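In what follows, structures are represented as structure tokens.
In what comes next, chain A is part of two complexes: it sits with chain B in the first one and with chain C in the second one.
Then we have the complex of A and B:
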């Protein structure tokens, strides 16, 4: 930890709909962004479904909040770690996920991908390097 | 050590709020600090003063209220999660035009910023959930 900045990791393990955990996790991320901490998100298990493209919730009568993930870059939330094994186990690939990008202020505002696909063991390293982990 | 504690499941259905309570009492007894407990998701339901569990069962809300009274622990209920689930303090009931409020003694309603602040301030953040 340096200069009072902590590394926060929000771990998303559950499907976007069916329970409220994913939506209320995102609400924490958006509020937390105002605190100028070093923020990362992790998606594993059914949590990887949160990032899939072309979500349509009309028939279940709940709000489709997936577009909000594309706005995270504006909140300086730019590291979304997605576990490859969780994708594989569900028949998903990186192509099934939304394109989520941010503008890198240290690189002339170049547009860069926020999603980082990592292996299960790399995910363990990501978690080990955090100060605060909030699991949803 | 200074602990921050999150309770993210509701009382009675899940053991999370009981386990959190046991953790906090044990931590305090061992000389640690637990300045704040944050209630999120269905965990906000711990803070209603209107629950009436059978007399031969523990009363989870009363346990927490007594703990807050004895140790000054700040019991914070997330306002966004609380409003969805019908948890209101007097101010919020008046503001929203509702005819009742139900927050128990020792609990207060506030924003998610209190959760982040607790994460920054604490040496360890513990989540009690499913």
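Then we have the complex of A and C:
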């Protein structure tokens, strides 16, 4: 690993709207991306709802910020871990999530998926491998 | 502060970013640019239009290094480099171009 580069994991556990946590977490990720660290995001519990497709916030009068997740690849944030059990418990599948991709600079800008579905025990391994975990 | 276009007053925040994004028109962009001391050329417009498209798609104004990287990819390295972008927008390509494009200040900008 390069000198000074730490592995950061941002853990998202809350639904996208109703509290400010989800939006604030995303803003912190975008700002933090300027520091050239190894950044991943984790989505579990109600946090998996943040990535669902076709969100429509008109009736609740707040901005639908879900398209912003698709910009993360530009910020070199390319690993979005989603816990399978959390999806299952909410009647969701990977097909209910929006497609999020990044262009791999080291592979002739090939488009690759950013979302990685992991089991609860794999998520524990992801967390164990981090230097810094920030929970929202 | 505010801008005036065709006798209509357009409200802004204290730094001159318009508060209602739907107020934006190309005419307003020219007025803001003038207030910023920027004379709009085709290159300026290319950056402003790029920012507006980016915001439309992702609902954020990109950070300056993301902007320059993307411009480099779409318009080539003679435009997409720090020096040229700062010549176009001396007060910061993201900050100043976003203002002219009628977008909020980029996330993380102070």
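Keep this in mind: the second predicted complex is superposed on the first by the 134 of 136 C-alpha atoms of A that agree within 3 Å, B and C clash if a C-alpha of one lies under 4 Å from a C-alpha of the other, contacts with A are read in each partner's own complex, and residues count from 1 in each chain.
Please note the rule applied: a contact is a pair of C-beta atoms (placed from the backbone, for glycine too) under 8 Å apart; a residue touches a chain by one contact, two chains touch by 3 or more.
Owing to the predicted nature of the structure, the values given are computational and were not obtained by experimental measurement.
When both complexes are overlaid on chain A, the residue A:4 reaches chain B alone and has no touch with chain C. In the superposed model, A:71 lies in contact with chain C only, and not with chain B. Contact with chain C, but none with chain B, is seen for A:63 once the two complexes are overlaid on the shared chain.
Set against each other, chain B and chain C differ in how many residues of chain A they touch, and the higher count belongs to B.
Contacts of A:135 after superposition: chain B is touched, whereas chain C is not reached. Residue contacts after overlaying the shared chain place A:35 against chain B, while chain C stays out of touching range. When the shared chain is aligned, chain B comes close enough to touch A:21, but chain C does not.
Across the superposed pair, chain B and chain C both touch chain A at residues 27, 31, 34. Note for the complex: chain A touches chain B at residues 4, 6, 8, 20-21, 24, 27-28, 31-32, 34-35, 37, 132-136. On the side of chain C, the complex with chain A involves touching residues 54, 57-60, 62-63, 65-66, 69-70, 107-108. Those residues of chain B that touch chain A in the complex are listed here as 6, 8, 40-41, 80-81, 84, 111-113, 115-117, 119-120, 125, 127, 129. Residues of chain A touching chain C in their complex: 27, 30-31, 33-34, 63-65, 67-68, 70-71, 74-75.
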